[in-house]
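What follows is chain A paired twice: with chain B in the first complex and chain C in the second.
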Partner chain A sequence: MIRLVLPLLLAVAAAPDAADAVSFVEHRVTVDGEIFDRQFVDVDGDGTLELVVAVATRKGTDRSRRELRIHAFDDAGRLQAEPRRSIVVMDDVTTYGFADLRSEPGLELFFMTPSGVFSYSPTRDGYRDNIARLVETPMFFDVPDGGSMPLWRYVLPSGTPGRGDALLIAEKDGFGLWGGAPDGPYERLSHFADETVAGALFETRERSSMSAGRDRMRFDFDASGGILLEDDEIPTLSLLRTRRSIRSPALVDVDGDGRIDMLDRDQDGLAVHLAQDGAIPAEASRVEPRPEYLDGKIERTLFDLDGDGDMDMVAKVTSGSEGLGPALIRLLVLINDGDRLYPETPDQVLRFEAHEIRFQLSDVDRDGRLDLVVAKYEMPSLLDVATGFELRRNQLIFLGRGETPFERQPSMRNESIFDIESLQAALVGRYLEEDLSGDGLADLVEIDLDGRISVRRLQRDSGWFGGETWSIDDQAWQRFDARGSITNLVVRDVNADGLGDMISHRRDTLLLLLSRRTDR
Partner chain B sequence: MRQPTQRAPVPPGRRPVVALGVVVLVALTTSACSSAPLAPLPVPLPEVDAWPAAPQRGAFLGLHTEENDSRSLDALFFEPGVRVARVVENSPAEGAGLTAGDVVLEIDGHPLTDPAELEARVAERAADTTVALTVRRGDAVFDVPVRLVSSGDRPRGADVGAPLWLLDPARSRAGWNDAGGGVRLVSASPGSPVIAAGLPLGAVVTAIDGESVRSARALVRRLQARDPGADVTLTWRHAGAETVTELALADSPRRVTEFDVPILWSYSADPDGDAARLDIIDLWLFSLFSYERVGGERTWTLLEFFEFSSGTGQLAE
Partner chain C sequence: MSAPRPPFRRVVAAALLALCGAAPVDDVGTGDFLETVVRIGIQDGSRLKLTDMDGDGRADLVRIGINGVGVSFLADDDTYATEPDWSISWPSTKSAWDIADIDGDGADDVVVLDSGARVLVFRPVSGSDEAEVWLADAGGFLPRGIRRMRFVRDVDGDGRRDVIIPGSGRFLIHRGTEGGLDPQPLSVVYEAEIELKVGDPESLDGRFGQEIGIPLFSIEDVDGDGRTDLLAESKQELAVYLAGDTLPSEPSWTLDLEALRAEVDSPESIDLEDLFANVTPQLNWQIDDVDGVAPHDLILQRGNRFTVHLGGTHGLDPARADQVLKASGNVLHFVMRDVDGDGLVDLQLLRAETISLGTVLRWLVIAGSLDFDVYTYRNEGGRFVRKPTSRKRISLRLPALIGLVTDKDREEWEDYGDEITDKLSWPATLLDFDGDGRVDDVIDQRGDELVVLRDRRPADFAPDLVQRAKVEGIDGLIESFIFGIVDDVEDGAAFDMELLDLPNRVPTPGWDLHLLTKNDVPVARQPLPSAVDGVDWLRVVDLNGDGYSDIVAVCDADNWSGTVVQILIRKNPNAGASGGAQGTDR
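The block that comes next holds the complex of A and B.
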């Protein structure tokens, strides 16, 4: 027996840790000016992503000008230092985006101006014989701004041969859905009236600003597939300007038929515009009234929780907050049955008594189902403040297992207590989304106020009697004194090696920490 | 053959600045005393790959040009020539006086409308030949002869991704750049421990504590990952000889930032030394004696009634 067990134990003890075979290579893109934005897009359609950096450059030029620089990855997953293409953006462009608009392979760029939309092929240099007008209509955003370069995300993939991707654009008098044959001018497929445009603001993670008339407006998009729908007006930092906003409808597959539908707000309810015949009708297919259980301050996030292709919802409902005391915060899980987004009763309710919670949905254990990661913050009471400041942060993971969308009890609790001296350690951005170490579990990426990035590994230990213990390492597995920015760290696999990478940018420097497997 | 090992002197920054008497006093009175914290440092990172960049071919002019368009999509038209978007520093084009905004109409008599055509015509020329550019600036058109150079002679550091050297102001207090098979010491401040250890400028470090190092960035990161004042062993070569040197990294002097004996004594200072305050017999509402220094301004106060101050400020109209 010992002869059998001992070699096995030794083999297990000597088994190399997957994380030992992973390292990170630091890349920097430094510009003579300012970085507005960076995106990873498969521009050429070869299945790998390209880095698109929107910059304003000034040094050595006769004027400040905006450029889009496209960097490619080589076969080894390394980013090319020299941009494959640098595209000078014309002065009257308000925003840009990527879509399949021509019959040639890959995606094209589109530029929006006050008078409409133009397509541009990034495979060729220059504008001569390379620019074509797609849409001619007065646009809502009619003041080009040399100090910004927002990305327009409202693209509906066509999926139909002989048709280009459709574009949902903000026209002067409402939203318009435009589409048509590749290479040719587009026609308006649907028009959504003015009252749809002027409304509340949907708060999302990615924010862009554009200008119309004398006002500067914030236009918000979502980066992760879901969209946060905010009921309340968000106060702006602008002091002397009238704040206006336009509503951001969500372009998602509501009914799971593989076509992108439009989800919009209709007073208190949700207006669902189901796609038909390659277009989205202006008339709502149905309006779902707001259910009574959605009372209080609400944030709604759309995700496909059950994997059936349609969008489900997680609603964060905050109520009962008075003074400095904690609030009752509920996370309502609402599963879409194909016919309605709002069920009669929530499919699951998670209750928290806290001052704030932040949640994200990611596949922590890589089993194909989304898990719920919650950070719960508890502030001290007034009495506690008199005796000593204390902030508690509890990181919880509810795994997506079993019959219910998420397990009723968290599989992991990781509590940290901060006093006034260590408060700065609590002010970090935390992301538990991607596997960086290659061990099959997501890892916790933290970035502090100074831009230092650290990675701590999530551990899953199986007990002798079938139970599991989850924990987060106290010590960092990787630390990078990399000068990122706490405001815009993105953890995502961009070099297609199956491991998460870290991307952040400051004013003139884009930082990329790209994973590299050394065992291949 | 065993390589010679040297022991470098301890840099002056390692000497403790807190007097022994103060330490004893702190221990006896259980007062609060703290000093400026050190920022946490990263663990060593792996070697950083050099970015692949396409080699330059042919002659080099030093112009980045674009189409001479109207800069507006809504009213798009093109005019003859190519517009200069940027001029590379120390390039032949800069030497010839070209600036951003100029429009190159012709090269050797060939009209230009496409930036790629200008690049192609320059690339097919040999180095040390002269091209004739016809340039429009404002409403004036003039000929500009430019003598091309080889692409290999293009100024280093003129484009993104080619730093001349990396500076390590904290641990080695020196500048380093990539050299073949190692990292070359190219600059050093007077207090640099590597200079004190006997490394001459131009020495190429090939290993730290026996681990080979291939890039300046990797060397700087490994040094910054060590504690201030830590001992490291550098393997370096110079003038054909290889040497192993043990030295102590630089260490910033520590400064007392706070020293309290309740009621009796209270002292606080900025970590950078710009401001300091001392109170003796501090009874909250008033103190027996206080002294405050902010920059060059000094204030002495006795019993909150008598105040005397001096400074270096001056009035200006």
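The block that comes next holds the complex of A and C.
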């Protein structure tokens, strides 16, 4: 036995740590303006991602000009500093996105304006003989923002030869699905009206803003006394303040047939629109009323939890507490059986007594099943406040194992206690999603308020007699001098080496920390 | 109008009707008012305005709703007709409207910016409902919707209304001329605040949304030469247009605010040890006459550094200052006020103490105090003294805040809050009921009627905060309520106040009038309209130009079903036998 065990021990001791073969290379992209978005998209369809940086430049007091700059990675996974292409965005564009809209290889850009949608090939220079009208309809977004431009993600991949990707568009009175042959123009395939739009057309109260002094203190309020207009009104500092909104749907594969369906809100229930023949019908295939177990404040997130191709749901239900006490927060796991999203009873219920919980779903142990990662926050009791402040954060991992979606007891509990002096350390963004160290387990990426990034490794130790213990290293495996922003850190594998990378931006600088295996 | 019936006959009539089981006719008053009632359902959303639309010097009733604008002219019998005498429909679903006398003929007009492209003027005084196109290609933009936008204003101070069109990144100001608008606009840069929500295809709780804010420039006499200038501020820059005979087409001078902000060390992350450090302004500036020499001067605050630029309203170099003063700590605000009454403005700073998050949390269970210091730097002949002339403290005493959130005390707090709200919003106000030229009578609500008490204005009557803000602006209120309260405090001493006492410091003139007169016998009564749940607020205005105050009572309809506006025109007692109380209900 000893002869068997000893070599084994030696072998384990001598085995190199996979993390030793991983390093991170810092890349920076600095622009002459302000970065307002960045995306990783396989624009040219070659299987590798490109980096698209959205920039607002300004010269003096001239209006800012928006540009999309496409950067490629070289074969060694290094980001090319000079953009392969820079595209000036027209002033009337409200949003943009990528989709397969033409018969050319790769993806095209689409630009939304107040009057519709235009397609644009990023492989060609300029607008002449390039920009083409795809959709003509009055749009919901009718005022462009010269300093920004959000990404539009409502794209339904075609999957049908001879058809371009369909687009779900927010129109002036609801939203509509548009599609057609590549190279367009598109036609409206279905329309989903929003009844609240008509009622909101006439604004019954104008909002205004006031400012104290000449600085940034500003107050927004309903001006003008309401129903009776008067000539003498409190001086305000806005000509116009207005807001309106309509519901937006989810686009996911509801029935696991490989086609994207639509989930819409129908009063209190869910309207399921199953895709048919390349389109989503305006009539709902079914409406699922809200079940009684979803009572309280609800946040719903969609994932394919059981890997069968259809979307399941995790609903966070908070039952209120009064005053400073903790609330009862439940995570309801609802597995889609192919015919309905809301089962009769939840497939699993996890209960927490806390002031707040945050959760994410990721395959922490890389076994092909999603795991549930929960951060639970408990505020101090009144006694603690008087005698010594303590905030408790518990990081829990419920692995996806066995018959239930997740194990009933967490495999990992990692508790941190913060007092007043260390409270700032609790204010961090935390991501346990990707394997950065190459050891086959996800690692914890943290970014603090100053934008400093560190990585701590998740450890799994197998006991001699079976069982496992999970823990997060106290010490960081990696710390970076470069700073990102807590508001926009993304952790994902962008250079296709199987390891997570970290991307963030601050004002005029985009920071990429790209993984590199030194053993290859 | 029929002759007023003697009270005795009315009593007998009511009694007879009651005996017959019939509901008594609504008594429309003692005969002192002519009533018009306008009922607006909760879904209706209409707005009203009382203003002279036909140039006869009497206020007409304008109703602005989803379908358009209707005007009921004030009739000879001092009531408003049920149906509008004049009306228009909106030209499009992208219409911004304003009610203003754009042509200076003494009658208000309906001015519509249609899709940002055309300025249309509808003139009820002409009797026609056809639009006059005052600008055909305005070059502006508007988001979808029909909304009020106060874009017809006298920008250049020449007494004529001008039109402000929001263009792409620039205001296009068309100045009013004789009989029209100058087709050549003055262009002023602005920075719109736009936020778009683009939903989330993986979320069931997302929304598509659009929020737009267009900040307006300010119009004021910047340099003190008696002419109205224009100040436009964006994140990047302050642009000042100094008026000569007219406003210039380009800024007279600009200030690079971004560069100034960059000079100030600002915290990169939240400082939990000094919470106020996270909210103190990096940049601030004030204009006033410091040295008594034209033009006005400019005081710039960059962090804790104050620089005085004499004559700075005609342009300045931020690097060159006539005086530099440094403060320490968290300076939240500063003002220029003549504190010592010598005719020269002094400099006053409001500084907050250093407060940590730990201290704030301890306030949950232990009473404490939050202190602010007011430092005054006396102006001596155009220069501020280097060291503060006085330092006074405002000390806000805080109870254990947990008392505000425990179940037991919450009901008490809610009751207290309701009580404060009632006092702040009590609808009693002053009017000239008896036509003696003095606004010294009181109108108040008692039960389901309005009552008038004569000559009851207290000597120390002061307007409420809203009325003061209309005159002084928010800056003026801050000066009065924060800096002003320590004027009578000795140097080095503190002005103490309890947090819970703060609401009592807010003027409640309506409530004070109510307490003063609640036991008085009224000289007039007017029942409120049927199906209302009390008066929300009262306005006093002379609608028919006869020198007597008239009343507008805005009431909540029963069961939150809408709003009821009661318009009461005082019958002129000198006008002869003109009949009893008449009313129209619409």
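FYI, the second predicted complex is superposed on the first by the 458 of 520 C-alpha atoms of A that agree within 3 Å, B and C clash if a C-alpha of one lies under 4 Å from a C-alpha of the other, contacts with A are read in each partner's own complex, and residues count from 1 in each chain.
Here is the rule we go by: contacts are C-beta pairs under 8 Å (C-beta built on N, C-alpha and C of every residue); 3 or more make two chains touch, one makes a residue touch a chain.
This is a predicted model, so every value here is computed, not measured.
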item	value
Residues of chain A touched, compared between chain B and chain C (which is higher)	C
First (chain B), second (chain C), both or neither touched by A:Asp277	neither
Touched partner set for A:Asp129, first chain B, second chain C, both or neither	neither
Touched partner set for A:Phe111, first chain B, second chain C, both or neither	first
Partner chain in contact with A:Asp91 - chain B first, chain C second, else both or neither	both
Contacts of A:Glu82 with chain B and chain C, given as first, second, both or neither	first
Shared contact residues on chain A - chain B and chain C	61, 63, 91, 450
Complex contact set, residues of chain A against chain B	23-27, 29-31, 60-63, 65, 74, 78-82, 88, 90-93, 111, 113-115, 118, 125-128, 131, 450, 452, 476, 478-481
Partner chain C, residues of chain A touching it in the complex	58, 61, 63, 91, 94-95, 138, 140-146, 148, 150-154, 168, 170, 172, 175, 199-204, 206, 209-217, 219, 224-252, 263, 265, 270, 298-302, 313, 322-324, 380, 382, 385-386, 389, 420, 423-424, 427, 448-451
Complex contacts: residues of chain B adjacent to chain A	39-43, 45-46, 48-49, 51-54, 66-67, 69, 71-74, 76, 78, 84-89, 99-101, 113-116, 159-161, 217, 221, 224
Residue ranges of chain C in contact with chain A within the complex	40, 43, 45-51, 64-66, 93, 96, 99, 141, 143-151, 164, 166, 168-169, 171, 189, 192, 194-216, 218, 233-234, 236-237, 239, 254, 268-270, 272, 281-286, 333-334, 356-358, 361-362, 364-366, 402, 405-407, 466, 469-470, 473-475, 478, 537, 539, 552, 554, 563, 565
